[in-house]
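So that you can tell them apart, the chains are marked A, B, C, D and E in the order they are listed, and the count of residues begins at 1 in each.
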């Protein structure tokens, strides 16, 4: 196989990589938002429950979760498709990380913002939706972009549940070609081409949000 | 409706493979399943009106869990029969005899011709994690410290090429398939690589334990294919010869030991 | 703009508040007639902010009653909401919403709380921006304004809700000296229009000029309450005397 | 596939046997990644051509999956005459990979130090090195204890990737048991729980450190 | 403590500085004799901070010369280091090192820059902490102190280096009114001991009481320089007049 053929071969896995990423976002975004906000708003036992759910998805090893959800759940009568399992496990894992960013963003806001909202007679939900969340989400957007990159890279695990993504395509090709140098270099490049523009976009957003930062720092 | 009835009604069977020549792999050109077990399955079921073979490609370690979870109807990827596996799945009749074989650098510079050489010359050996070859090597006295266990065959080949190991011990059909592919420039099989009959294992198609009717159907068809020479043809297609033929005395019951086959 | 009726604007009776074991407000009693201007001063930590934050429900308290107009504040959410709506508050640190334009800062509560149509809300907001003399800044974002301008937006934002009572918590202490004057001028204008206001400030010039009463707090209690004249010339409490000394050195 | 507790317990000694290797890899990689990351950040801050290169390098690292890095280091470098052992490759791979992320953490930690700290140090006549050691670094550490802890946990959770290099660590042992016995649920659960336990331990230690660092310096 | 010799403590000649296209300091000339006390005031953004930051090398400038004692500041690193050592600076926001105790804040530079043994450094530091009247706070961390106490630590920290010249940039503007007095008292004490000092401040009471000279800046230039008496009673520049008006309303 020529380098070009290897390239095209790896690209055949791009669709799955992209789909898992997109569907993963369908899980990650609502989970991150809802649980981040919930952790911010709740106290006591409710907060413990919210935190436990977040920690389960965030701290467990993804490989093991994929395995359990795809191969063990059907024995309990719940057979989700490979795409669903991948999107859910990877999405909720990243969503767990995102929820922490959402919570931190909300907590980092100046208390005065909430108080000013109260003083104007705004309801708690209006304060959250119109004042706190917009500011927190903007402030945290570079973090979210980094987490998107993590999600793209994490899709390389989905071959465990029979999906043929870019990494798995590279493995398939190497099972035929036995020539690691061009294959893995191509794979490295493939991820780079997908993720680097996203990383650059993240840098750009970071600069836009805090233009003074570079000039202001102490060293 | 049993799995067998469903397969016959739909005219479609779903098999799990781990994408390995020559056992079961997806053809790069057509996207269809090829390999020893898929070819046999296709031949066996075609006459029954089952024209479509749907494949699920996954990691080797996920084959049996995937079968048990109902993700596919059969594992057709060169699984060897072992007593432990018999407790989980129902194997069809053994269809191929498998020995250990070895791949070395061209010219076999360290003159490796069996596990004895590996032990006595303190050679670093590579093998697939969890493979039968590892067990055979351990029984033959290869110390753990001299074995590097990789998750897949490519890693073994890469390790051999990059000089991290001197030899990789794999199953003979794998080695035959690899060499036939013509991609192993600079490598060759160690000939001869001495093995004993106790070290041999036998490959078979695996079904779920509750699908005994499907297994019976498969055994029946496999016997017919053996008789009409189809099996020999498929063996020739992948370069298998006399040494890979299963002796008549070997049965699933024997291979599964006291635990019994597919109960 | 002034709402004059017979009941006092604020009536505080036996107010007590604790932070854990710390008794931050101790038996505070205070009556503020409609249309009057009260300046609260006192050393740092004496409970001035806590007191005025109790008046619009930003702080809960454990004992006593606070009546705004005729409505007694309760733990009740509806009443708290009502109290907040009738009370405008201006903070030391402005607390403008940085992601909204000046105009949106002013219209947000009109539209979300009073469900006012957009057009109407904007024209009302522009009216008050004119009153604080920055109509031309309506479409800027807070970060593009000077401190004095920001504080004037905060005042306009509070005025939009047509409050019966305005609370100011050290509205000029985060400002540069020159900007202090801009903001005090706006406040003086409001005072002369008859707006009821309570203002925590150490700007003694302002107190002298516009206040009806000066309230001096120390360690959670009101220790002196007098007309500015009396307070500045003959403070009766020794703590107030020493405090005035440090201010007017 | 029933879960057999007795069998699960019987796998514990075998899996725990590899805990030393897992911890060794994780600990050395944490130190390595921190040191390299700090170096990268210092070079990036110094600007110039080196700074520009490091900026690209960090984004490159972040845009590519760790597994592909390990493959490349282990299987491709020898073709260029660089032959490192599996353990060394694994540690170097993880260190390099996570140094990109830690450099970002250090950046945020330094950026968050008020400008006045550096100015006060300079006004007192402290030199650049003294300032970095005695004024900037301690405050940076205080700012970054939490995110740094998160990456230490990530490094721990990444040690199973070393299986591709035939390094015998815990998850590999669990898969060994699984492929021998064809019982997956038990060894994977045991390994998962041990990893979760270690991760929680690290988090706890970081929390304590954070409290100690913050203790007297916040009101 | 005073270092009197014949050369002026500071000599600034034709100083010009730009931020990009913005001309922030324009032809500044200023001579400050040893032992004198200069107060710099002026509207926000007029370049006061920039000017005194040029005096100890925190800011680079493009044209002109600054001579401290007999040492002309250069781009030369050794001379800049020396100038910094001879110049103490106190910031508006204190800038204490939050991770070090009060004592360590004071001894850090003594030990690292002057290589003084620990014992000696500590006893020197305690001496200056006593001078600013907080010897008992030596083992606390900055966050445990009030603003006034923090600023006094900052002064002690600067004094430890035995500077020929003390620079203060709005040292009291971040403080509560009562704490302002604590800090001004310490500064007045230093002034009476003969320390050369340059102070950016809007505390006109302080200027009146201790300054030899008041320098008024506007838009990057010194527009008026006079004795406090003259400056407060008959300011000649119209900008200074309007500025004084807003301050003393």
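The definition used in the following text is that a contact is a pair of C-beta atoms (placed from the backbone, for glycine too) under 8 Å apart; a residue touches a chain by one contact, two chains touch by 3 or more.
Nothing here was measured: the structure is a model prediction, and the numbers come from that model.
Enquirer: Hey, how far apart are chain A and chain C in touch steps, shortest way?
Expert: Minimal hop count between chain A and chain C: 1.
Enquirer: Please tell me whether B-D or A-D has the greater number of C-beta pairs in contact.
Expert: A-D
Enquirer: For chain A, which other chain has the most distant CA centre?
Expert: Chain centre farthest from chain A's centre: E.
Enquirer: Once you find the CA centre of chain A and the CA centre of chain E, what distance in Å lies between them?
Expert: Taking the mean C-alpha position of each chain, the two centres sit 51 Å apart.
Enquirer: Distance-wise, how many Å sit between the C-alpha centres of chain A and chain D, to the nearest whole number?
Expert: Distance between chain centres, rounded to whole Å: 19 Å.
Enquirer: Please compute the C-alpha centroid of chain A, do the same for chain B, then give the distance between them in whole Å.
Expert: Spacing between the chain centres: roughly 38 Å.
Enquirer: Could you please state the distance in Å, as a whole number, between where the Cα atoms of chain C are centred and where those of chain E are centred?
Expert: Each chain's C-alpha centroid was found; their separation is 36 Å.
Enquirer: Give the residues of chain B that touch two or more other chains, as numbers and ranges in rising order.
Expert: Residues 65, 68-69, 158, 161 of chain B each touch two or more of the other chains.
Enquirer: Which chain D residues sit where two or more other chains touch them?
Expert: In chain D, the residues touching two or more other chains are 1, 75, 79, 114, 116-117, 119, 184.
Enquirer: What are the residue numbers in chain E that touch two or more other chains?
Expert: Residues of chain E never touch two or more of the other chains.
Enquirer: Can you name every chain pair that touches?
Expert: So the chains that touch one another pair up as A-B, A-C, A-D, B-D, C-E, D-E.
Enquirer: So in the complex, which bits of chain C are touching chain A?
Expert: 56-58, 81, 84-85, 87-89, 91, 93, 95-99, 108-109, 112-113, 154, 157-158, 161
Enquirer: Using the touch definition from the top, list the residues of chain B that touch chain A in their complex.
Expert: Touching chain A: residues 16, 19-21, 25-26, 28, 56-59, 62, 65-66, 68-71, 152-154, 157-158, 161, 178, 181, 183-184 of chain B.
Enquirer: Which chain D residues qualify as touching chain A in the complex?
Expert: These residues of chain D touch chain A: 1, 45, 59-60, 62-69, 71-72, 75-76, 79, 110-111, 113-119, 131-132, 136, 153, 157, 160, 171, 184-185, 188-189, 191-192, 195-196, 199-200.
Enquirer: In their shared complex, at which residues does chain E touch chain C?
Expert: Its residues touching chain C are 43-44, 146, 176-181, 184, 202, 205, 243, 246-247, 249.
Enquirer: Please name which positions on chain A make contact with chain D in the complex.
Expert: Touching chain D from chain A are residues 59-61, 63-64, 67-68, 71-72, 75, 146, 149, 153, 156, 167, 180-181, 184-185, 187-188, 191-192, 194-196, 198-200, 203, 213, 216-219.
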